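Below, chain A partners chain B and then partners chain C, in two separate complexes.
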Partner chain A sequence: MVALLAFVPESAWAAKIGDVAEETSLGQQAARFFSFRDPSVRYAVIGSVLLGISCGLLGCFIVVRKMALVGDTLSHAVLPGVALGFLFSGVSVSGLFDWSFDVDNITKNPALIFAGAVIAGVAGTLLVTTLKQTTKIKEDSALGLTLASFFAVGICLLTMIQDLPTGNKSGIDKFMFGQAAAIGKGDIQLMLGVTMLIVAVVFVFYKELLVTSFDAGFARSIALPSEWVHHGLMLLVAFAVVIALQAVGVVLVSAMLITPAAAAYLLTDRMHRMLFLAVGFGVASGVIGAFISFLKPNIPTGPCMVLGASAVFAVAFFGGPRHGVLTRWWRHVSRSKRVQRENTLKAVYQVLENRAAQPEDSVSLKELAERRRETLDEVSGQAQALKQHRLVTLHEEGNKILFTPGGWQLACTIVRNHRLWELYLTNAANIAADHVHDDAEKIEHILGDDVVRELERMLDDTTRDPHGRAIPGFADIHKPFAPSASGPSGYGRSS
Partner chain B sequence: MNDFIPAFEWQRVMVEPWAENLSTTFWIVLMGFLITAACGLIGNYLILRRMALVGDAISHSVLPGLAIAFLLSHSLNTVPMFIGALGAGIVTTVMIELIHKKTRVKQDSAIGITFSTLFAIGVILISFGQTDAVDLDTECVLYGEIAFVPLDLVKTELGPGMLSVVEKIPGLNSELFLDGNMLTIAPPSVIRMAVVTGVTLLLILVFYKELLVTSFDSGLSSSLGINATVVHYALMGMLSVIIVSAFEAVGAILVIAMLILPGATSSLLAYRLPTMFGITVVHALLSAVGGIHLATWLNCSPAGAMVVAGSALFALAWIFSPSQGLLLRWFGRELDKLDEEEIERLVKGT
Partner chain C sequence: MTDSPATNGEDIPLEIHDLTAGYYKKPVLWGIDLQVPKGKLVGIVGPNGAGKSTLIKAIMGLVPPSSGWVKIFGKPYQENRRRVGYVPQRESVDWDFPVTVMDVVMMGRYGHIGWFKRPKKADREIARDCLDKVKMLPFAKRQISNLSGGQQQRVFLARALAQESDIYFMDEPFAGVDAATETAIIALLHELREKGKTLLVVHHDLPTARNYFDQLLLLNMRVVAYGETEEVFTYELLQKTYGGRLTILSEVADAVGQRAK
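Our next item is the complex of A and B:
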C-alpha cells in the first residue's frame, strides 16, 4: 500500500468531498477509501483514529466516575467558544486597546477555535460548580441549564456569522454534526499534539486517576489532591471534545466519550483493559463513521460514528461474556436445566433407595412421577433430557429408566452433597433436623469438590444423615455395575 | 466589531417590531411565550423530581420518531407527529431503564448512550430523506424555525353579518386580525401550541395533588394509593407531546433551556409551588418579549435569543435572589450582623 502511494502522483487525485462516492460499487468505494489515495480520506482516517484514542481514554474515567452528563454539558457548552474563535481570526491587534475587526480576514484557524472552545468549555463546567455551591439548584438542573444557555449563545453567534458578508464561513456549519472530510492539515497537527498530550498525562498520572475514580476515601487518606485531579481531568476532556468537534460535531461528541467506554465497561473488570478496549472501539467506530460519510455527500460524519459506537455497545450489551444480557439469560437457562436434571436423577436414586434395590435396577416412569409429584408427561420430558446427557437409558418405549454408570455417579454425588450438608447444619450449626432440608436442596447443586472434602474432614461420622438415611460413600459411587435383574443389560452402550 | 454587532438603535430595536411589523412580532412572541410557558410548567416538576436530564434525553430522542412519522406520512401533520414523538419518548424511557437495570452501566451513561443513538438515527434519516423533505431538515433541528411561524396564517372570509359582530368586539377589530372582511385566526402551529399549553395547565390543575405528592414524598403517595409509576409515565408522555409541538419552532436543544430555565429561576425566588408557577409564566413572557428585541437588534435566531434572554433573567434572579442570591452571599456577613442586632433588640424589647 505504501508502494502504491509512492507511485501515484498525489495531484492526480483531487482532494474533494465525495470523490469516494464517484466509484460505482460498495466494494470499489471501500477499496478506494482504504487505499488512502485521496489526501482528504487520509486526513479523515488519521483524525478519526486520533479522536478515537483521546475520547476512548478519557471516556473510561468519565464513565466510571459517573460524569457522563458532565461530558455532554461540556461538549454543548463549547459552541459559543467555537463561534468566537472563528470570529477572532478577523481581529487584528495593533495595540492594547487598538483592536480592529475586519470581516474579510476571517479564516478557519484551528488554534484560535481550539482556544475559544476550551475556554468556553471550562467556563461551562465552572458555572455548573458555582451554581451547585451557591444555590439549592441540583446538579441535573445545573447541567441542563448550562448546556442549553451556552448552546443558545452559540446559536445566536452562528446565525449572526451566517449574515456576515464574507465567503469564508463555510467551515463553521460543519461543527454541528461534524464532517470528517473537512479536516485539514492544520487540524491534524493540532489533533496529534493534543492526543499525545492526553496519552502522556493519562500514562503519567494513571495511579492518581485510578485512585480518585474508585476510592475517594483512600485518595484523601494518602493526601491526593482529588479536586485538582478532577479539574485536570475536566480540562483534558475539554481538549478531547474540542479536537473531536470537526469530525463528530458539537451535538454528538459526548457520545464518542461515553459509548465506547461504556461498551468496554461491560466487557472487563480491569481498568487498563477497559482503556485499551475503549480506545479500540473508539478508533473502529470513528473510521467506520468516516467511511460511511464519504459514501454519499451531505451525510454528516458525527451520527455515523455514533451509530458505529452504539452498534459496538449493543453487541457488548447483548453478547458480552460476563455482563451481556443474552449471555446471562442463557447461563440462567442452562443452570436451571442442570438443576432440573440433577433433581430428577436424585428422585430416581431415592426410588431405588426406598425399594432397597440395586443401582442396576430399573425405575418406571410412574414411580418417578409419584416421587416427583408431577404428571407422567412432565416426568417423561425430564427422562428424555437425562437420556440426551447420557445419564440414563430408556427402555420399554421410555417407561423404564436405567442409570448409566455416569448417571449413577452423579446421582450419588448429589445425594451425598445434600445429606452431608444436612449433617453439617445439624451437627456444626445446631439447626433442628427438620429445618435443614430446604437449604440443602439449594446448595447440593453448587457444592464443589473442595467444600465436600472440607465437610468430610469436619464431620466425624459420615455414614448416616440426620434423618437416619445412608449417605452414599465412595464405595457406592464407584460400585461396579452387575448385570441388571429387572432390565436389559448393556447399559451405557445403548443409545 | 461594528460589522458584527449592529449599533443599538432604540427606534429600530424597541419600537419598530411593534409598530410596523406587528403581525410578525405578535405571532412569534405568542408562540415563544406559549412554548416557554408549557415547557416551564412541566419543567418545574422535572426539576423537583431531579429529572432535568431525562427532559434533555427525550428532547433529543423525539427526533427519530418525528423523522419516521414525516417520512411515512410526507407531512408535518399533528397526529402522525404526536404518535411518532410519543413512541420515541416511550422507547427512550424503556431503553434507559433497560440499560441501567440490566447491566452495571450507571444511569447517567445510560441516558447519554440512549439519546445520542436515537438522535444520530434521526439525523441520518433526515439527511437521507432530504431530497424530498422540504420542511424537516437539520437546520430546523438545531435552530428552530420560529421566524417562519407567521408565514402561514389561517384566514377565513366573514359574511357581512359576522363582520359587523366581529368589528364590535374590542381587540378583534385591529388590523392584526381584520383585513377587509378577512378574519385572521392564527398560524396552525400556534393554535396547536395553545391547545397543548392549555391542556398542560388543565392537567396540572386537575392532578395537582397527585403530582405534588409523588414529587415530594413517595412514601406518602403510596400510602394514599397514588400509583407513582403511572404518574411518572403520564408526565413523560405529556413531556413528549410538549417537546414535539415546540420542536419545529425552537429545535431539539434549545427546548431543554425552555424546560429548565423558568423552573430554575422560580426555584431561586420562591418556595411555594403556586408562586413558582406564577414566576414561571412571567419568566416565559419576559423572555419571549426580550428575545424578540434581542433578535431584532443583533439580527440572530429568535429562538436562540429568547433562550439568551431567559438565561439573562436567570442570572438576575441568581444575583438578586432574596434567599440564595450572590449579593446576599457577598454581603452576607453584614446581613448576619444585622440579624443579630435585631434579635438582640427583640430580646431586649420583650
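Our next item is the complex of A and C:
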C-alpha cells in the first residue's frame, strides 16, 4: 500500500487540502499530512499552531478574570467588521472625495479584514460598557444583546457578499465555521505577527497581568492602571479572535479561547503552568482539527478543532490527578472500602472482647454476622476482603477468622481511636455519653497519629471509654502475638 | 521658607481636606477633614454604610473624590504611593486563583520593582521574611484556596508588609478570622507602630476597638469624632455615630445620586 504513494508523481501532490486521492489509507494520509509536503497543509498546520498559542495564552487570563462571556461576545461582534473589511477591498481611493467601488476588485485582503474586525470588536466592547454604565442593564444582558445584534448585522452583510456578482469570494464563506485550508500566505504572515506580539506582551507584562487579574483594587493602589491593562487585554483578545477566524470560524472561536485554558485551569494551581498547558492544549486541538478536516474536507475545521479541545477538557475533567471526577470517585470508592474493612476488623475485635478471648483466638463467621447484624454471605465477602489485605487468615472453609499480627494492630488502633474520641467528646466537649458513638464511628477512620497523640495528652485517664469498656493501649497493640499456623485453637470453636 | 519640611506637611502621614466621595456620583462621605500624626494606630469605626471602606478607597484614589484633596506625607497619593501599603477586604478576591501564597506576597513587591522587570532575589527574601512574620512561611508553596480565613488574612497582611510602607490602610483585617490570628495581627500592628509606621484600620467590633487602637475615627458619612481612644470612646459620641441613620444626609445623597443619572 505504501508503494502506491511512490507511484504518484510529485506534481500530483494536491495544491489544496483534501484533494488527496480517496483510496489511500488513514496511515498514508497521516504520513502525507505530517510530511508537510503540500503547501496548503503547511499553512493549515502553521496557522493552527499559531492560533493555538495565541488563544491558549489569552484564554488563561479570560478564564481567571471570569470574562468568558466577554470573549464570546467579542468573537461574534467582529463578524460585521470582517464583511466590511472584505467589501472595502473593492473600494479604490483616488482622492479625498473620489472613492469608487468596483465589485471585481474585491479580494480577500487579510490586513483590511483584520482592521475591520478589530474596529467592530472595539465598537462592540464600547457598546457593552456604555450600556452597563448609562442604564440599569447588567453586564450579562448587555453582552447578550451586543453579541446578537452585531452577529445579525454580520450575517446580513455576509449573505449580501454571497450574492455579489464577483468570482473572488474565496474564503469569505468559510468565516462562519472556519476552514483551515483557506489559510493563505498573507494570513500566515498576519497570524505570525499577532502571535509574536501576544507572546511578547504576556512575557513582558506577566507580573502586571497577574496582579490586575488577581486583585484589581490592590493593583490600582500600587498605581497599576487596571482599566488600561483590561482594555489592552481586550484588544489583544480581539486580535487573537481575528487571526483565528479563518481557521475556526466566528461561531466557535471563543471555544478555542476558553476550552484549552479551562482544561489547564483544572490541572494546575500555578498561573505560569496554566499558560504553558493551555498553549499545549490549544496547539494540540488546532492540529487535530486541521488533520481531521484534511481527512474529511467537507467538515469545517472549526468544529473539528473545538471537538479536539473539548476532548482534552473531558480528559482533564474526568482524569485530572487531583480534581478529576473519575479520580475523586476512585478515591471515594477506595476510602469507603477501607472504612468497611476497618469496621469488619473492629467487629472481630469486639467479638473477641465480649468473649474475653485472646487475640490469637478465632471468630466464626456466624459470630461476626450476629455482631454486624448482617447475613452470612455479606460477612463472608468482608472476611475475604480482609484476607486479601493480609489482615486475617481464614480457616475451616472460610468459617473461622484469625487475626494476623498486622490485622490485630490495626483493629486495636481503630478501636482505640473510636474510644479516645468518645472520651474526648464526653470529657472535654461535654457531650452526653449516648450522643458520641455515631460521631466516633466516622472519626475513627480519619484520626491521624498527631491528633491521637494530642488526644492522649489532653485526656488524663485513657484506660476506659465513657461506656466503661477498656481502651486498648500500646501494650495491647504491640502484644507479643503468636498466630497459630495450624489453624484455630480450641477456644471459641462454634458449637 | 514655606518650603521647610515642617510646613509643607512631609512629616504628616495623612492629611485630608474637605473630601467628598462616593459611587456613581452619589456621595457616601461628606466633607472629611483629617490629619493623622506619625506612629499612630488608628481604628476607623462606624455603622454599616458609614463609608469606612470608601474612605480608605478614596484616600488611595480607588474611588474618585468629587471634591477636596488627600495628601500622603505632604504629596498627592500618586507621588508617594510607594510609601503606602494596602490590605483590601479578604472577600474582594477569588481565592481559587491559580497562585501560591508566595506569589501573592510577592505582589507586595511589584510597586517597588516597577514595569517590565522581574522580582529579584532580594525581593524574594523580603517576601519570605514577611511570610515568616505572620507565621505562614511553611505554607509558602500552598495554593491559596487551601487556606482558612485566618490564614488568608495573614497572607494579605504579609503582602502589605512586603510593600515596606510607612503608612498602611487595612480594610477589616479582623473580619472572619480565628482568635489566634486576631491576636497575631494585633501584635504585628503594635510592632509596626513601634517602628514608627502609621496604621489606619477599619474595624467593626466596638468592644475590642477600645483596647486595640491608640486613636479612633468615629465615622458616619462624616467625621463624628477623631482623637485619642479614651477621649473619643464615650457614650455620647458613640450614640451620635451609631444612633440612627442621618436622615437628612442620606436623603440629600439619594437626591444627588438621582440627578446624576
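We adopt the following convention: the second predicted complex is superposed on the first by the 420 of 495 C-alpha atoms of A that agree within 3 Å, B and C clash if a C-alpha of one lies under 4 Å from a C-alpha of the other, contacts with A are read in each partner's own complex, and residues count from 1 in each chain.
Keep this in mind: contacts are C-beta pairs under 8 Å (C-beta built on N, C-alpha and C of every residue); 3 or more make two chains touch, one makes a residue touch a chain.
All values reported here derive from a predicted model rather than from experimental measurement.
In the superposition on chain A, A:145 makes contact with chain B only, not with chain C. When the two structures are aligned on the shared chain, A:287 is found in touch with neither chain B nor chain C. When the two structures are aligned on the shared chain, A:265 is found in touch with chain B and with chain C.
Judged by the number of chain A residues each one touches, B leads among chain B and chain C.
Look at A:157: by the touch rule set out above, it reaches chain B but stays clear of chain C. In the superposition on chain A, A:241 contacts neither chain B nor chain C.
Of the two partner chains, neither chain B nor chain C is touched by A:41. Of the two partner chains, chain B and chain C are each touched by A:66. In the superposed model, A:207 lies in contact with chain C only, and not with chain B. Within the superposed three-chain model, A:402 lies out of touch with both chain B and chain C [touch as defined at top]. Chain A residues 66, 265 lie at the interface with chain B in one structure and with chain C in the other. The touching residues of chain C, when paired with chain A in their complex, are 57, 60-62, 78, 81, 84, 86, 88, 92-94, 97-100, 103-104, 107, 110-111, 113, 115-116, 118-119, 143, 145, 159, 163. Those residues of chain B whose C-beta lies close enough to touch chain A in the complex are 1-5, 47, 50-53, 55-56, 99, 102-106, 108-109, 111-113, 116-117, 119-121, 123-124, 127-128, 130, 138, 142-143, 253-254, 256-261, 263-264, 267-268, 294-295, 298-301, 303-305, 307-308, 311, 314, 318, 321, 324, 326, 329.
Within the complex formed with chain B, the residues of chain A that make contact are 63, 66-69, 71-72, 76, 87, 101, 103, 131, 134-138, 140-141, 143-145, 147-149, 151-153, 155-160, 163-165, 176-177, 251-252, 254-255, 258-259, 261-262, 265-266, 298-300, 302-304, 306-307, 310, 313, 317, 323, 325.
By the touch rule above, chain A contacts chain C in their complex via residues 64, 66, 204-205, 207-208, 210-211, 213-215, 217-218, 220-224, 265, 268-271, 273-274.
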